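These notes are about the structure you will find just below.
So that you can tell them apart, the chains are marked A, B, C, D, E and F in the order they are listed, and the count of residues begins at 1 in each.
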Amino acid sequence: MRPSGRARDQLRPIVLETDVNKYAEGSCLARFGDTHVLCTASLIDAVPPWLRNSGRGWVTAEYGMLPRSTDSRVDREAARGKQSGRTQEIQRLIGRALRAVTDLTGFGERQIKLDCDVLQADGGTRTAAITGAYVALHHCFQHMQRFGAVKAIPLREPVAAVSCGLYEGEAVLDLDYAEDSRAQADANFVLTASGGIVEVQATAEQDPFSRAQYDLLLELAEAGVRDLVTHQRAALGLD
Amino acid sequence: MRPSGRARDQLRPIVLETDVNKYAEGSCLARFGDTHVLCTASLIDAVPPWLRNSGRGWVTAEYGMLPRSTDSRVDREAARGKQSGRTQEIQRLIGRALRAVTDLTGFGERQIKLDCDVLQADGGTRTAAITGAYVALHHCFQHMQRFGAVKAIPLREPVAAVSCGLYEGEAVLDLDYAEDSRAQADANFVLTASGGIVEVQATAEQDPFSRAQYDLLLELAEAGVRDLVTHQRAALGLD
Amino acid sequence: MRPSGRARDQLRPIVLETDVNKYAEGSCLARFGDTHVLCTASLIDAVPPWLRNSGRGWVTAEYGMLPRSTDSRVDREAARGKQSGRTQEIQRLIGRALRAVTDLTGFGERQIKLDCDVLQADGGTRTAAITGAYVALHHCFQHMQRFGAVKAIPLREPVAAVSCGLYEGEAVLDLDYAEDSRAQADANFVLTASGGIVEVQATAEQDPFSRAQYDLLLELAEAGVRDLVTHQRAALGLD
Amino acid sequence: MRPSGRARDQLRPIVLETDVNKYAEGSCLARFGDTHVLCTASLIDAVPPWLRNSGRGWVTAEYGMLPRSTDSRVDREAARGKQSGRTQEIQRLIGRALRAVTDLTGFGERQIKLDCDVLQADGGTRTAAITGAYVALHHCFQHMQRFGAVKAIPLREPVAAVSCGLYEGEAVLDLDYAEDSRAQADANFVLTASGGIVEVQATAEQDPFSRAQYDLLLELAEAGVRDLVTHQRAALGLD
Amino acid sequence: MRPSGRARDQLRPIVLETDVNKYAEGSCLARFGDTHVLCTASLIDAVPPWLRNSGRGWVTAEYGMLPRSTDSRVDREAARGKQSGRTQEIQRLIGRALRAVTDLTGFGERQIKLDCDVLQADGGTRTAAITGAYVALHHCFQHMQRFGAVKAIPLREPVAAVSCGLYEGEAVLDLDYAEDSRAQADANFVLTASGGIVEVQATAEQDPFSRAQYDLLLELAEAGVRDLVTHQRAALGLD
Amino acid sequence: MRPSGRARDQLRPIVLETDVNKYAEGSCLARFGDTHVLCTASLIDAVPPWLRNSGRGWVTAEYGMLPRSTDSRVDREAARGKQSGRTQEIQRLIGRALRAVTDLTGFGERQIKLDCDVLQADGGTRTAAITGAYVALHHCFQHMQRFGAVKAIPLREPVAAVSCGLYEGEAVLDLDYAEDSRAQADANFVLTASGGIVEVQATAEQDPFSRAQYDLLLELAEAGVRDLVTHQRAALGLD
């Protein structure tokens, strides 16, 4: 039934590869099928002005798409002179998701900037970005730990994200672009390894959907995130 | 327990006043307690380029806050030269919410622009904006009907929005700023009169929350929206 | 002769209402007929860099129009990414007008920001804005006086503004849009209660006008401002 | 009494030189003492969209200052990415002043763009710009007449501008920077050769001024403009 | 003598990999050592306005660096709201270089947009971009040829680029960042397979250099480009 | 053979005039035939942040064209809200050229800003700008020397620039616009009085050119710059 032939509850092939950038303190190339997002974590020895002398650090994110990451080339945001509303919405989401599992008092007055750049897009770029950014962030803290900048990794538990949607009346996991563009409803779930809800964004693309349908989507997401967390732990060498 | 003394499932005093602008085809001043949003619907006899010759219309929204709508004055976005990510996120949400209940084939190749300007903010501006924008849009269609521009009102059913959150461990309805700024979780629900889900945006501000907590929030929202729809119908003289 | 049926020297119905905003230190909703301008005065505990350590304060203004304040919707300046030349011209005028009657040495190194937002426009928005901004500013100083931040109100005398113009060959007071759009000449006068001239901006829209005609306009304005000052004093409870 | 030693009613040395640009259809370098403004008139074979098929032409102006035209270097507006409010105010004024004496139906659907660039500024740049722009515009129409594009010069009469002000309590003509920066009041008058008023902008820099003082300023301006018109006619070879 | 241990006339390891993007009509990941540039060629069925009805096509380029492509993170140009002068300079250079070998009359009224995005930078990003963009462009024409859109590949001959410089007094080929940041002179050569000069940009970073030194740099570049062209032909399967 | 009738190795009439601005510490109006560039040097008592406490100064340049400096009026960059890529490229080139001959340790922690504004353009504006900017800079140092701010002029030797190109198959010196717009190749050379190469920018506009052709262009430039340096020394009163 799905264009890709996947089962309703089947993720695309997931590859999380670390150490993909020579300079970044942490990095991860996250592939969800043909969606490829390059995530880097950059350690900056200064916090935003409103956190100075607070003893706390900060984690923030930026997001971008290469012009030909998509089927039809999109204009370069740097050339247009501003980031779209969609871009800003996504980078705010990534930042909130990662801060929700980070102990901001645990790494001094430093800032970690997560850059999530989409090299190729086939649906679900924001969920791949969150999943990869977690790996890059953890990777960055491992680097800081090696150099004594932190004693323990200041992350409470893994966080990952996946989209679910109603496609031809059925709830399916991890929509690719062919599904996403025709879905009746589309929901992005950011969940923790222990099943806690960090963020839900659910949108009826056509008719409103029911609470029962919503519950099906959430159940798919819970299973999907458990799977993604396993990939994250493997990529970080934690198993 | 709530700073305002309200019961957990109690909305703030709701006032939806129509005909508040001399020029707009539809208008509504929506008050949720001390949150006041002026909503106007402007009928424009042209659609965006990508809808020309499609026979379809379009509904879109813009959102803004007056600089001193808040406790501390915020910079004027026109002076800063760009709309914030938050502003863009909210105006995209309002547009999606209204389009979800509008028959875009039912009013010709015309565009209706919903301007939601916050005169005073005390939490929940986006939900007041959606609730008021629905009234302004319906009001605009009533105006078009009087002049024969549409035969029937091309709206499938009312839509309204309300926020819920976890405040001191309890699920509460329609957060004001005093609650919102200290809530553990904050969720905005856009629901239809018949209970359909149009959009959910739920965010853990501190620790992740559980599915059971989420269900409590949704139940509060369902009751709240039923109440708001009653106010909408009364404002539009439909009872 | 006038579209509104007013006498040549007759103002529109004037309503100046204070305390229209929960947060602002001073506020006034100024109505000149169907022209409605919401004026707030915000007290800021810092001056611009070039006044630091001068012992002097500053008063400045910003101006904006809601998109549907006018007959045809105008683009939102925040969305277009810049303020128009007209907007900047008007906000500079408002600031100069208020500073002309303010003792800038009388309230410490503080800044008062006057936001004048047009909710509905029917001609004369800049003159309503100046007239209302004076009330909001005085109101703000009354607030500061109550809390001991100033001993005396640091305002030398009231200032108000009104437009006059040549309409169908006749000099008329306080043009509404129907008159303004067809006037041969249009002049904005900012005058003090004692008749001093603070600012004159007179423009021939079609043929140049004569000095005798200019004198007639000024005389109308002098009477009009006397009337407006009476409204200001009443709104501030000074009679 | 004046820093320059001039009499109260004495203009600075005025030089209006035409044909100062190889390409422009009309051009004039206007010098009011040390204030030097290069004015070019560019003929463009298209009108703004709102005038298409109206049979009417348009005249508009742009204004700029070279960064080191002033005593202290000012930032380049092109580098800052926007024109200041002052710049926009001045270029709108120049455009209105010239349109007031132009028969817009007399040169077809064409646009003439007046660029007024300040090479050196010593007070009164806007009045020098208007005075020089009139010469450049007339010069451009003479060029069009030679090539048969217009039969008669579509200008009703000359227009020129001069500033007056209250300096050390006295009314003086054509303020230079040393006077302007210390004036109690400053007024710019745009008048026609026959004495008609096109535009007045009068501002009290410190205390409000009286109607009697205003009348003195206007009388100085009337004499000054008569003098400037003589210079304009000579520069255009019309005597 | 070189930090990398390379011989004076030795290129870094060169890898040119095609088919690295699912959507682009042509693509090449160009690696010059640790400098990695992703080049895509996007075929667009429309030319810029000034080429309409000319029968000619156009080739243009855009360039960008990912924020953490460099040792210290640089600000995202999309977030800053404009492209730097350096970025614009480089993308103009890439476009000119490719147009110099393209027969613009040989592929109809179409545009090919070359996006060169630096994933990792270690000196020489503009030369890697030109070298990779040639491969992506040829690759795109091969694709068009397969679908009959062009009969012959409209490229006159290969073009490639390399930098040379004076490092510790010696002329060296293909500077990496460690060399570039300390070079006395830095020159970028864009040459064709047959040795023709397309573009030279030579800059003395410290003292001026002599014509004899310049000749040494050009000779190194000629040999380097011969080598790069061999890599290009291999990547395109032309040998 | 040349449109102007000049010999292949003949410069246009060169005029370098100093003291053309009342305020600037150094100034030069550089005329290369009909190309006129006004260059001012502004002394600023502060360096960019990255040079504070370094004991070093800085020299930088800005470039602009008046809208009607060209045959067809170009849009004003300040009105468009950004500087073009060409403008940025040229101003970066001017800055590098002048810094290459300046002893940045020889005038304290000060900045000199060179503004090069094109009043009239007939080809070669960047080379006239560099040649004139050198005079303005030297002029500024002479001014500083008179007031004791520097002991010796911190310039190692004169620098000047000239363009050469291949026009109808022949190498010619100092292209005017008629030649430039039809040249096969165009090269800008920045050379010192002693023949050192500071910068070369050579571009094939049509077919690639050969090394032998390049050598002819360089030889023309060497002779041209020797001539320009003579003009510079005369303008500065150094002979």
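The rule is simple: a residue touches a chain if its C-beta (ideal position, glycine included) is under 8 Å from a C-beta of that chain, and two chains touch if they have at least 3 such contacts.
Chain by chain, the UniProt names read as follows: A, B, C, D, E, F = Rph protein.
As the structure is a prediction and not an experimental result, all values here were calculated from the model.
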| item | value |
| --- | --- |
| Chains in simultaneous contact with chain A (Rph protein) and chain D (Rph protein) | none |
| For chain D (Rph protein), the least number of touch steps when starting out from chain B (Rph protein) | 2 |
| Pair in B-C, E-F or D-F that repeats C-D, with over half of contact pairs matching by residue number | E-F |
| Interchain centroid distance [CA atoms averaged], chain A (Rph protein)/chain F (Rph protein), Å | 51 |
| Whole-Å separation of chain centres (CA-atom averages), chain B (Rph protein) against chain F (Rph protein) | 59 |
| Inter-chain centre distance, chain A (Rph protein) versus chain E (Rph protein) - centres from mean C-alpha coordinates, in Å | 33 |
| Between chain A (Rph protein) and chain B (Rph protein), centroid-to-centroid distance (C-alpha), Å | 28 |
| Shared interface positions of chain E (Rph protein), touching two or more other chains | 81-83 |
| Neighbour-by-neighbour ring order, given that chain A (Rph protein) leads and chain B (Rph protein) comes next | A, B, C, D, F, E |
| Touching residues on chain E (Rph protein), where the partner in the complex is chain F (Rph protein) | 82-86, 88-89, 91-92, 96, 100-101, 187, 191-192, 194-204, 206-211, 214, 218 |
| Footprint of chain B (Rph protein) on chain C (Rph protein) - complex, ascending | 21-24, 27, 34, 38, 40, 42, 44, 62, 64, 66-71, 73, 76-79, 81-83, 87, 113, 115, 117, 119-120, 122 |
